[in-house]
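Single-structure report; data block below.
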Amino acid sequence: MSFLFGGDNMNNCIEIKNVNKFYGKKQALFDIDLTIEQGMFGLLGRNGAGKTTLMKTLAALHQKKSGEITVCGLPIEKAKDIRAITGYLPQEFSMYPNMKTDEALDYLGALSGVPANERKKKVTALLRRVNLIDHRHKKVKELSGGMKRRLGIAQALIHDPKVLIVDEPTAGLDPEERIRFRNLLCEVAEDRIVILSTHIVGDIEATCEQIAIMDEGKVLWRGTVSSLLENARGHIYTANVEKRFLPQIKREFIVTGMIAQSDYTTVRIVSDAEPDLPNVVLTEPDLEGAYMYCLHSSGCDISGGEE
Amino acid sequence: MLFAKECRKISGSLVFWIYCIIIALMFLTQYFSDCTEREYPPSPGRSAGDYDFKPSGDHDTIIEGTVNSLINDYYSNKYICYPLGFYKAVHLKDKDQEKIEAYITEITGLDHDKLAEIKNNCEEYYVSDGVHEYKEYKAEHIDVDTDNISYDRFREIISDIDSILGGGSDYAPESAEYNFSMIPMTYEDALEEYNELFEKDGIAGAYARLFSDYLGIVLGIMPVFVAIAIAAADRRSRMDQLIFSRSISSFRLVFTRYAALITMMFIPVLTEIIASVIQLLVIYNGESVAVEKMLGIPVFWLLPNLMVSAALGMLLTEMFSGGTAIVVQFAVWFMSIMRGGTVLSGNIRKFTLVCRHNTLYNRAQFMLHKNDFIFNRTFYFIASLAAVAVTAFVFEMKRGGRFNGIRLFGKDGILRRKA
Amino acid sequence: MVSGCLAKMVFSDVRHNYVIHYLTAVGILFLTPLLFGISQLDSILSAQPLEIILPLMGTVLMTPVFFPEQNENIRDVVRSKKTSYHLLCFIRIMCSVLMLSLFIGGFVIYMKSAGCNVTAKHFAGSLASALILGSAGFFAAAVSDNVIAGYMTSVIYYMSNFTMKDKLRVLYLFSMSHGRFEEKKYLVIIAAALVAGGFAVRKLMRK
C-alpha cells in the first residue's frame, strides 16, 4: 500500500475553503472557511448549528456541494486516503452489540488496515489506555455509556491517525468521566490534530486553544480562546437582584449564570450597554458569557436560551 | 387516539405500501382480468369426455379403482406419493409389502398364489429414470366383488396403507374417494352445475370463492412482513425503552396495534371486494346477484389468513427476531400451498391455512368440506387472537425486565432472565 | 490488503454478523431431502428440489448484506475506516455466493450418490436461480435501506413463479423442471446487474 503523503511536503493542517453543503434543498453549511492546525480545535455551537455535518464532511462521510477541503495536503475527494489518516468518533457511538470489546476493536482495526501482528499489541495498549482492559471480554451491549464512549475513542485511535474527529464526546457522561475524557483527548492532541465539537462551553475551556463558533450552518467566529474573551470584554455584567424579579430579568436580558445568595441572586448578564439594574458591575468575561455575547452580537436569537 | 396514531404509523411504512401493491396486482392480474365476461351455459350434444369430470361418490367405483391402482403399484413396488406436495417415489421393504399384499387379499379375495399368477400374466414394461431402468407392471383390470367387504373396513385399510407409505399417497381416504370415483359428466350434469351457479350460489357465491382463493395465497404470507416492519420499527428507532415506560397496559397497546394492523391491511382487500361486486353487477346485469355473499364469504375466508400471519409476525418478532418470523411464516405458508399439490379445488381440510378452490364450479365439492371449512376458519381466528395475547404477555415480561428475548446461542443459554 | 486484515474482517464478520444466515441456509439444505424424495430421480425430477427449495438460500444469504449496519451510528463508524464500506459489503456478498456454490454443489453431489441423474447443468441452473432470488432481495434492501422490504421482494418474486409461471419468461425460476435451460444465463446476467445496481444506488444515495 503506497501512502501518498509523508516525507517533506507534509502539511499538518486542515484547510476548509468556501464549503457549502445541502441536504436536498436545505442548505446545511454556508461558505465555511477554516484552517485547523495541530492541537485541539474546538467547534462550539448550539444543537443543530451544523457541527456534526461539518465533522462528517471532514471524515469523508458526507459529500460537500462546493468548496475545497484538504486534510494534511490531501483533497477530501480521496476518501480512502483521508480515512486512512482520520479517526472518527460519532456523536452516538454504536458497535455490533454482540461483539466482544476487544474483538470489536480488532475488527475495526482490520478495517483500518492495521496489520495483524501490530493490531494485537495495539488493541491491548489502547484498551489499557482507555481503562477498558478489565472489560475486554464483555460484549459491546453490556458496556455502560461511558465505557462505550471510551471504546469509541479507542477505535478512532487504533490506526494512529493524524487527525481525530470527535463529535460531542462528553454529552451524557458523568462529571468524573467527562474530566477523564478531556484529559485523554489532551494527551492525544499532543502530536495530532484533534477536532472536538460540543455545545458545552466547559469542554472547550478546559482543553482547546483554537476555537470556532458555528450557528445555523455558518461560522460566526474563529480564533483563540483569549481573543474570544477579549472580544466580550465590556459586555458582561453582574448584578444582585431580588428573587422575585428574576423571571422579568430573564425575559429582558441574556442571563448566562446565576448564583443564589440568601436574600438576593447574583446574575451574570450579557448586554451591549450597561443594563439598568441595581448594583450592576462590569466584570471580567468568562467563556460562557463570551460565547453568548458572540452569538448575540452576530444577531442570533438567544433570549430565553437559559430557561 | 392511540388506534388512529398506530394506523397513521402503518400508513407511513414502505413495507405496507409494497403489501398494498402486491394485493392489488394479485387481484388485477389473476381475478379481475379473468372475470370480465359472464359464464355461458354448456352447449349440448358433445361426447361425455368433453365436459368436465365429477366425483361420483359411488363406493363400488371407488373400491375397484383403488384396488386396481394398488395392485399395479404393489407389483412394481413403486408408490407415488406427494407427502408435502412434491413427488416422492416410495419403495417398501419386504415386511411392508407383505402387509399390502394381505390387504389386497382381504379386499379382493385373491390369495398369494393367485396374485403371483396375475403378476406373471402382466404386461411388463421398462421405465427409465435416466440412470437405471425399472420394470413396471400393468395388470389386467380386476373386477372386485364389493360384497366381501364393508365400505368402512375399506376406508380403514386404505388409511393404514397411506400411513405405511408415509402419507400423501393416492390411498389416503379423502384422496381415494376423490381420485378413484371420477366419472365423466354428461351434458345434463354440466348444465346442472351451470344452473347451480345461479340457483344455489346466487352467482356471487361462486365468484366470492374464486376471489378468496386468489387473495388467500397472498394473505397467507404478506401480512407477516408488515407486522414485522411495525414491530421492528420501535427497536430500530430505539423507541422501545420509551414505550416501555409509558403507563399504557401491555395488553391494550399490543391489541390496539394488532387491530390497527388488521384494519389497515384489510382496507385494500375490502376495496377489491367492492370492485368485484361492481364488476359482477355489470357483467350479470339483469340477473339477481346475491351481493351479500360477495361481501360475507371473502371476509370470513380471508380475515383469518390475514390475522394469523400478522399475529405470528408480531409474536415471533417479540420473542426472537423478525427473521425468525419470516422463516416460520414462509414455511407454514409453503407447506399449506404445497400440500394441496395439484388439487386446486376443494382443497380444504381442518388445518389448511391457505384454503383453495380455484374454480367457479364444483360447488358440491366445496360444500362437502363445509363443516371442515367453518371449523378451520374459526380455529385460525381464535388461534391468532391467542397468539396476540401471548405477544402481549411477552411484551409485559420484557417491559418488566423479566425477559429479554430468547437467544439460541451463546453461553447465556436459551432463556435469559435478568432480575 | 495488509496482511491478516482480510482474514480478520471475514472471520469476525461471519462469526458475528452472518453466522445465523449461514445456519438458516444449512437448515434449508437439510430440510430438502425431507420434502422431496431424492433417490433415483430422473433429470427432470432432480431439477425440482434444486429449483424450488435450494434457491431460497439465495434469499437468506444475499438479502441481509447491508443489515449489520442498518443502525446509522454503526454505519458511520465502519464507514470512517480506510477499508471502503462497499468493499466490505462486496466481500460479504462474495462469501454468500461462495457458500451458495458450496451448499448447492454439495447437494448435487449428494443427489448423484443417491442415484439421481444430475449433471453440472443442474448445479449451474440451481445456482442461477439462487443468485437471482438473492440479488432481487439484495437490490430491494439496498434501495429501500430496509432489509424487510428486501426479504419481501424476494418472496414476492418467488411467489410469482407459482402464480404467473411461464408468463415470467426469462425470469422464470423453475425452467429446468420443464426441461429447459436457456433462461438460466439471463438469470445470471440480471443477477449480476442487480448486484452492481444495488451498489451503484447505495453510492449515489450517499451524495
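Think of it as A, B and C in the order they're written, each chain with its own count starting at 1.
The rule is simple: a contact is a pair of C-beta atoms (placed from the backbone, for glycine too) under 8 Å apart; a residue touches a chain by one contact, two chains touch by 3 or more.
Every value quoted in this text rests on a predicted model; they were computed, and no experiment measured them.
K.L.:
Can you name the chains that touch chain A as well as chain C?
P.N.:
none
K.L.:
Comparing centres built from CA atoms, which chain ends up most distant from chain C?
P.N.:
Farthest from chain C by mean C-alpha position: A.
K.L.:
Quick check on this structure: which chain has its C-alpha centroid closest to the centroid of all protein C-alpha atoms?
P.N.:
Chain nearest the overall C-alpha centroid, as shown: C.
K.L.:
As a quick test, compute the distance in whole Å between the mean CA positions of chain A and chain C.
P.N.:
Roughly 44 Å, centre to centre.
K.L.:
Taking each chain's centre as its mean C-alpha position, how far apart are chain B and chain C in Å?
P.N.:
28
K.L.:
How big is the gap, in whole Å, between where the Cα atoms of chain A centre and where those of chain B centre?
P.N.:
Computed from C-alpha means, the inter-chain centre distance equals 61 Å.
K.L.:
Touching two or more other chains, which residues of chain C qualify?
P.N.:
Where chain C meets two or more other chains at a single residue, that happens at 71.
K.L.:
Quick check on chain A: which residues sit in contact with 2+ other chains?
P.N.:
Those would be 98.
K.L.:
Hey, which residues of chain C end up touching chain B in the complex?
P.N.:
Interface residues on the chain C side: 20, 24, 34-37, 39-43, 45, 48-49, 52, 64, 70-71, 115-117, 144, 146, 148-149, 151-153, 155-156, 159, 162-164.
K.L.:
Under the definition above, what is the set of chain B residues touching chain C in their complex?
P.N.:
Answer in residue numbers: 14-15, 18-19, 22, 26, 29-30, 81, 83-84, 86-90, 128-132, 217-218, 221-222, 225, 228-229, 232, 236, 322-323, 326-327, 330, 337-338.
K.L.:
Any idea which chain A residues touch chain C in the complex?
P.N.:
1, 56, 59-63, 79-80, 83-84, 86-88, 90-96, 98-99, 103, 106-117, 119, 152, 155-156, 159
K.L.:
Please name which positions on chain C make contact with chain A in the complex.
P.N.:
Going by the criterion above, the answer is residues 1-9, 12-13, 16-17, 68, 71, 73-74, 76-84, 88, 206-207.
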